[in-house]
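Think of it as A, B, C and D in the order they're written, each chain with its own count starting at 1.
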Amino acid sequence: MVLKGQEVAEHNNAKSCWVIVHGKAYDVTEFLPEHPGGQKIILRYAGKDATEEYEPIHPPDTLDKYLDASKHLGPVDMGTVEQEEKEEDPDEVGRLERIAQKPLLSQCYNLLDFEAVAARVMKKGAWGYYSSAADDEITLRENHGAFHRIWFRPKILVDVENIDISTTMLGAKTSIPVYVTATALGKLGHAEGEVVLTRASGKHDIIQMIPTLASCSFDEIIDAKEGDQVQWLQLYVNKDREITKKIVQHAEKRGCKGLFITVDAPQLGRREKDMRSKFTDPGTKVQEGQETDNSQGAARAISSFIDPALCWADIPWFQSITSMPIIIKGVQRVEDVLLAVEHGCQGVVLSNHGGRQLEFSRSAVEVLAETMPVLRERGLQDKIEVYIDGGVRRGTDILKALCLGARGVGIGRPLLYAMSAYGQPGVERAMQLLKDELEMNMRLIGCNRIEELHPGLLDTRSLFNHSAYHADNLSSTVYDPLAVPSQRPKPKL
Amino acid sequence: MVLKGQEVAEHNNAKSCWVIVHGKAYDVTEFLPEHPGGQKIILRYAGKDATEEYEPIHPPDTLDKYLDASKHLGPVDMGTVEQEEKEEDPDEVGRLERIAQKPLLSQCYNLLDFEAVAARVMKKGAWGYYSSAADDEITLRENHGAFHRIWFRPKILVDVENIDISTTMLGAKTSIPVYVTATALGKLGHAEGEVVLTRASGKHDIIQMIPTLASCSFDEIIDAKEGDQVQWLQLYVNKDREITKKIVQHAEKRGCKGLFITVDAPQLGRREKDMRSKFTDPGTKVQEGQETDNSQGAARAISSFIDPALCWADIPWFQSITSMPIIIKGVQRVEDVLLAVEHGCQGVVLSNHGGRQLEFSRSAVEVLAETMPVLRERGLQDKIEVYIDGGVRRGTDILKALCLGARGVGIGRPLLYAMSAYGQPGVERAMQLLKDELEMNMRLIGCNRIEELHPGLLDTRSLFNHSAYHADNLSSTVYDPLAVPSQRPKPKL
Amino acid sequence: MVLKGQEVAEHNNAKSCWVIVHGKAYDVTEFLPEHPGGQKIILRYAGKDATEEYEPIHPPDTLDKYLDASKHLGPVDMGTVEQEEKEEDPDEVGRLERIAQKPLLSQCYNLLDFEAVAARVMKKGAWGYYSSAADDEITLRENHGAFHRIWFRPKILVDVENIDISTTMLGAKTSIPVYVTATALGKLGHAEGEVVLTRASGKHDIIQMIPTLASCSFDEIIDAKEGDQVQWLQLYVNKDREITKKIVQHAEKRGCKGLFITVDAPQLGRREKDMRSKFTDPGTKVQEGQETDNSQGAARAISSFIDPALCWADIPWFQSITSMPIIIKGVQRVEDVLLAVEHGCQGVVLSNHGGRQLEFSRSAVEVLAETMPVLRERGLQDKIEVYIDGGVRRGTDILKALCLGARGVGIGRPLLYAMSAYGQPGVERAMQLLKDELEMNMRLIGCNRIEELHPGLLDTRSLFNHSAYHADNLSSTVYDPLAVPSQRPKPKL
Amino acid sequence: MVLKGQEVAEHNNAKSCWVIVHGKAYDVTEFLPEHPGGQKIILRYAGKDATEEYEPIHPPDTLDKYLDASKHLGPVDMGTVEQEEKEEDPDEVGRLERIAQKPLLSQCYNLLDFEAVAARVMKKGAWGYYSSAADDEITLRENHGAFHRIWFRPKILVDVENIDISTTMLGAKTSIPVYVTATALGKLGHAEGEVVLTRASGKHDIIQMIPTLASCSFDEIIDAKEGDQVQWLQLYVNKDREITKKIVQHAEKRGCKGLFITVDAPQLGRREKDMRSKFTDPGTKVQEGQETDNSQGAARAISSFIDPALCWADIPWFQSITSMPIIIKGVQRVEDVLLAVEHGCQGVVLSNHGGRQLEFSRSAVEVLAETMPVLRERGLQDKIEVYIDGGVRRGTDILKALCLGARGVGIGRPLLYAMSAYGQPGVERAMQLLKDELEMNMRLIGCNRIEELHPGLLDTRSLFNHSAYHADNLSSTVYDPLAVPSQRPKPKL
């Protein structure tokens, strides 16, 4: 039996709350208090079609997983659902114009170009979610900025006719020491979500790390791979370890070749740009001082299950439930790299979560430069693979990380931007540009293979120097600079 | 008997000077030469109603305290007082519009946001007084900027489910290692003045330091506290030690739990922005070179009683008149922290007075980083509590100070701005934001309790490096940059 | 027999491709696949007059050298060649106006002034080729910026009436320790190309290095010299060593006094500004994602012959075919300077190719400061002459390099800009300005002759400090700074 | 007999050249080739009234001194001299308006404020002469900027009721350790010239150094002093030592108390801003490339007599002709301070000539910090008085220099600007502001007398760090930053 819109529309409150998603109605009345994103956001759509809001932030299997079948009310005759009249949104009009005039893909010569285009063509909220970071976004900018404090000491007169930039990571061959790192909510940027990245990675023989917080379901992303394409799993550990166990073992069964346990997000960070971009004025009736419950942004809504109690003592349990290599993602000081070795982990990712968690975390590349000499001194450099992510935009960035001793680098946002701006061809061009840049720079630094890179090819003396700060934009905005005396007004006649 | 306006208006000169305050007339003729702010400012209101100018910069008990009862002339029939016609002030019109359209409180996501709103909604002179600082305001900016040269080395994989940010300061339990530091003239920002801060502090279990130069009277501020709410006394030492003694002993009797003696202001600083904001053009009749006696700003007017002869030898006297712990406020080098220990003080506040006194004083957090290793080396770290103030805007700032060894941090201007922009709800939201930020950052740095923080969680290698300067705005304005050759004019036909 | 335009016009495709250059037709059908710049660019002119595009990037003897005489079809009656109607190019109109109003030559007071004028009067593509550099052009700016981290420690009270800035380089006397370094494609800047530099050098007794990639032919440049004017040869080594041998031996025969083998360009760099300036929109019919084969800029087109396999083992071969001194151009670390000594080279040029090759190469002057102490420590300072190029704009820059121990400095772009803006008089004025500045600064530093300069006259403590970075323009552009809360809209009536 | 204008007008060429100055005619035909500023500038006024151009750059006794009495042709009937019609100069109109509306003197709160006003009210050429400096004016800005790398370590709890900022310099008591240093061409800024500074110095008990290149004559400046006011003589040493001897002995006779021999200007620097401000377009008839002989600015014209051969060996001669203390002005490294001690000089001025001579000279305050420890180590700190000048703008700057060990500091440009903007009252206010700032800062640093200052009150760790550079304005202007891809044009309908 097909429901009519009017029927659904009657269940428009907390006592009886139905919503329509993808043409089907669901009774979420009892689920309201459990919704990780809060009940307010659901109630806004009570009795209505919530698909547009729901889509990008819930993998397709969400309703099956979390809502009892008895609450699945079946198809709705969408012709009978009242269309909300939307006021024409001037932002959206401008955005469509910008899309129509966006540059050709071939005009993008580097990864930053994609970001420039994405900023123009993405919806404001989506851009806010992808681009935002913690506090004053100092760490966000430091992540790339730190690379600018490392300079090269290139060799010359080396036969560099043949350059090979392929390598292995966690034992798997790959075309370039770069992997697609896990990022959440791919459908904010592209209607198809993370599978776009999967397909481009397949074409370029690049490893993809599958995010826990994907818009696509895990299986969709696995299904999108081709041949012996390698994928890893990024894991936010659930308070309910049975759920975690199920996820991990399913991933291993489906062929994942590495388990990356994220440890830098026991609580998801506050990202003010994201919050600000979500704010909508409740209108003039609100009294001063009366708090309004604004959304805290997508990040917090989707992450409430993450276990803040996760600790080193949990590592053996993971080792007991899987034979995938275990990599600790989000390490930020050498002491914890040593602990990872002690706990028998196969790798670490030095990362500050793209600057989205603890503000004033150091850049991964700086932590790398602190870490590798200690590992070498203790003879541990081959006991563990060290990866970094954050701020990688150029072939030279990759080269610097490799010279310092990284096994590979993860790239996140730039590929999301390429996808948001140009879809799969965008991602592929971004990957090709990285390969071209890396190959050229290998030639120019005088090395033929990744194994030949070493720290002597770098000048890192300024890397640890943070004396020149990144612009403190809020402080600068509120600071009222001193002025010289102003001219006196012209005497009136 | 009720006086008529006309009667008062006759006493409009230095020979006989009456003024009206809060509906009552006072004969201040004899007091004129003693007025700390100079007689000029009083004479401007001779024979008139001075309430608006008087109010924010005099505590309510001022007239009772300083003007003999015989000079209190009694109530005035305010209907008979001639209203000065004010020209419509375009600044004020704009300000009222800005107030009407100010952002919702819930749109303020951090302490800097309040400052941005306050700048828009405060009167120019009040803003000038709060926001100004010494000379080129380099120190003002360095105070916050110094925190940007400290980076974190966070621990991961620590069970951070439960975070406790409460602590004790001078033996008193408090919800967060933050106190409201003393700032002058609260009524410039809010009609009710400092009691607003008292009430918000009470709600948040935060200690308040009561300023000597408050707009409210000391007792009003004490009376505004609730339950076992803790307050401290900030003291400018009067040349007349009997007055000082009375103040201190009264404060102790009224329950104050700490005596903070300010030592960085033997002379109150020149603050050019404040002076410039007070300047009003005396008109075109003034001849060039003829000095006009402009107000030196509120600061100097209210501070002439402060004793510049105060020295270490006075400390035993303070110890003899009170049993409150004595804390030296305004220490700026480790040598003086050691002297404070020798003199049996219970604490020091490392502070440069919010950048308002000696320009190119180092930031408190830098002095802290210089001080604590010396104390630890000499085993004195538990002999004295070390506080800092100046430039604290973020939870990360607090966390850095605590890691270095501070017992707590004082916050001044940001709370004044929150109060000026949104009243008590503003102050409360500011306090809540600090708690949220601190708790989240404790979790992200991997510590559960304040006691677990230590310097190893920081990278301070760049803290002492001042090579990148804060913009020198006046110099930049007057510097005329070199230009490339200009095009020649188009030949005329 | 003279060909008619119509006849040529029929051969307008890949199967039969004729082009007209300087009034003569050529059949390039078979040559198409061999063209170093790709066949696409030729096909654009198939059946047409290609002179304007061809001219600046091909030395005049190119067709004779590379196209069999049988393909030279002879003169065309240019009156019968159809003129393409060009739309009026607004860029070109503006440029002509700017030329008409350009400053007088006498208004140029330093080398940067010429660059400012050149930027206004050059064609966009030519400016793009000359001014562009690798990646984010950090190295480009660092080259000059590094000099700003070196300060003087001048002597006073020295008799400096007589100053002699002449010196010898590779045994040849010269008026100033400055040479004109090799730069490609001089006709992009001036219709006569490199011979303009030759003539100015002759007048000023300055040594010129002749570029492999000149617009003029090698012999034209040699023929333009006067008297015993000294010239050197810059060499890109061809994969076909016979060609290289012929070039080297011809140069020696024609009197060249030094062979500078370029080693920092096994692959010519990507220069995005150049690529972007070449881009032309193929029109709206192009589908998204469909790659368009845009020119990669002049650099890559003209350099495909360069041998990436060139290595130290090739040096003896060069020594066997010439008795000119051999100088390795493009050395970037002290280790390779030592290798050059070991291989019996007479000199090195510390250079990063004007920032056009490996981004984040250190400036030549920094490498110089690293190199000379090592050479002195090993007693090798007289075994090899050390030159630098890159970023030299001022007499003080030259003086700093000489104090550090350079034998001389090369100047490239600034002279191209002077030539592009004002022709030979421009180049001569630039040379005179350098001499004036150097002589004055010798006097002000208290030295009479070049030999008296030494490192003690400098303060180089900050030279190796890269903590303050050059603006990262793309990153800054794409970064969306945090904003304070915005005012709420005015309520509608 | 009084000459007629027409008569004079006939002598309007190099063969017979008469000029009128202050209503009298002079035959300068024979003097033309000897004129230090070149004959061109005189010929521009041949047969005409040259007073306006002549006045500010020639002391009144110039014609008597340098032109034989026989060439003094006597008074001219000025009514008969043809007035050149001047086009209304739009710059001048704007300037007069700016003068009419300039801020009140009482609105100037610091020395930079005077500079801001001077920039508005001075003639372009005069401003160009005063404000310009060498090359890119890096040193000019570094002079003040260096003070920003020095921070205070103030003492607290010191009795600072009584502050005494008086001191002695070269044995003379003075109210403040500040002297008015020598600057040229005072009449460019004020019609009365240097005597304005003399009078203000007298009122403030401040020592004045009389410049060789004053607009006023030496005796006028001496005559303007009052009572026992102290003056020193700044000396450019003439190639003709008899002239020098006469000047020195005359100065001693007239009471000068110190001889400051300038040694940093064997050749006066090129100052491009000055040159550019002097440039006037010779019109469109000038052909490209044809050099026009523009004035090199006032500096070079007036300084051709300076002896570049002056050296240490000349010092005994000076000691033989005067008993005034001899101070070497323009020392820039510690080695030369030691030489000054060895040569028995009584003092040195560490100075780079206000950034007008050798670009990239270090600031005087940095050289001071290098010098004093060496002097103390060798026990020479009391053998010589060390002064500095350059960049002093604030009381804190003076205080820093004194803490480091300077006996006093010279101030030049700021007083010229105060004079140019407001005449003598301006200079006096500037002096008072410095006294107020210094006294206040002495109190805030916790010292009562100048002798108590010492280096331990400073943090100079960043002083020698030049890694953050001053803006390189010409380079920045000519650099064309990279851009992200631009939007495509809207398709035409």
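One rule holds for everything that comes next: a residue touches a chain if its C-beta (ideal position, glycine included) is under 8 Å from a C-beta of that chain, and two chains touch if they have at least 3 such contacts.
Just so we're on the same page, UniProt names per chain: A, B, C, D = L-lactate dehydrogenase (cytochrome).
None of the values given here were measured: they were computed from a predicted structure.
Trainee: Interface overlap for subunit A and subunit C, more than half of numbers shared or less than half: same or different?
Mentor: Different residues, largely: of all residue numbers at this interface, under half are found in both copies.
Trainee: Farthest from subunit D in C-alpha centre terms, which chain would that be?
Mentor: The most distant chain relative to subunit D turns out to be A.
Trainee: Nearest whole angstrom, what separates the Cα centre of subunit A from the Cα centre of subunit C?
Mentor: 42
Trainee: I'd like to verify one number: the distance from the centre of subunit B to the centre of subunit C, where each centre is the average of its C-alpha atoms, in whole angstrom.
Mentor: Computed from C-alpha means, the inter-chain centre distance equals 59 Å.
Trainee: Which residues belonging to subunit A are in contact with no fewer than two other chains?
Mentor: 104, 107, 109, 112-113, 116, 136, 272, 276, 281, 465-468, 474, 477-478, 484-485, 488-489, in rising order.
Trainee: Testing understanding: with touching defined as stated, what is the shape of the graph linking the protein chains, line, ring, star, complete or other?
Mentor: complete
Trainee: Within the complex, which stretch of subunit A touches subunit C?
Mentor: Touching subunit C: residues 104-107, 109-110, 112-113, 115-116, 119, 127, 131, 136-137, 141, 144-145, 148-161, 272-273, 276, 281, 284, 393-394, 396, 400, 422-423, 425-426, 436-437, 440-441, 443-445, 459, 461-462, 465-468, 471, 473-474, 477-478 of subunit A.
Trainee: Using the touch rule from the top, collect the residues of subunit C that touch subunit B in their complex.
Mentor: By the definition above, subunit C touches subunit B via 98, 100-104, 107-109, 112-113, 116-117, 120, 467-468, 484-490.
Trainee: So in the complex, which bits of subunit B are touching subunit D?
Mentor: 135-136, 138, 263-264, 266-267, 269-270, 272, 275-276, 279, 281-282, 286, 288-289, 291-292, 294, 308-312, 314-315, 328, 330-333, 335-336, 339, 357-362, 464-470, 472, 474-475, 477-485, 488-489, 491
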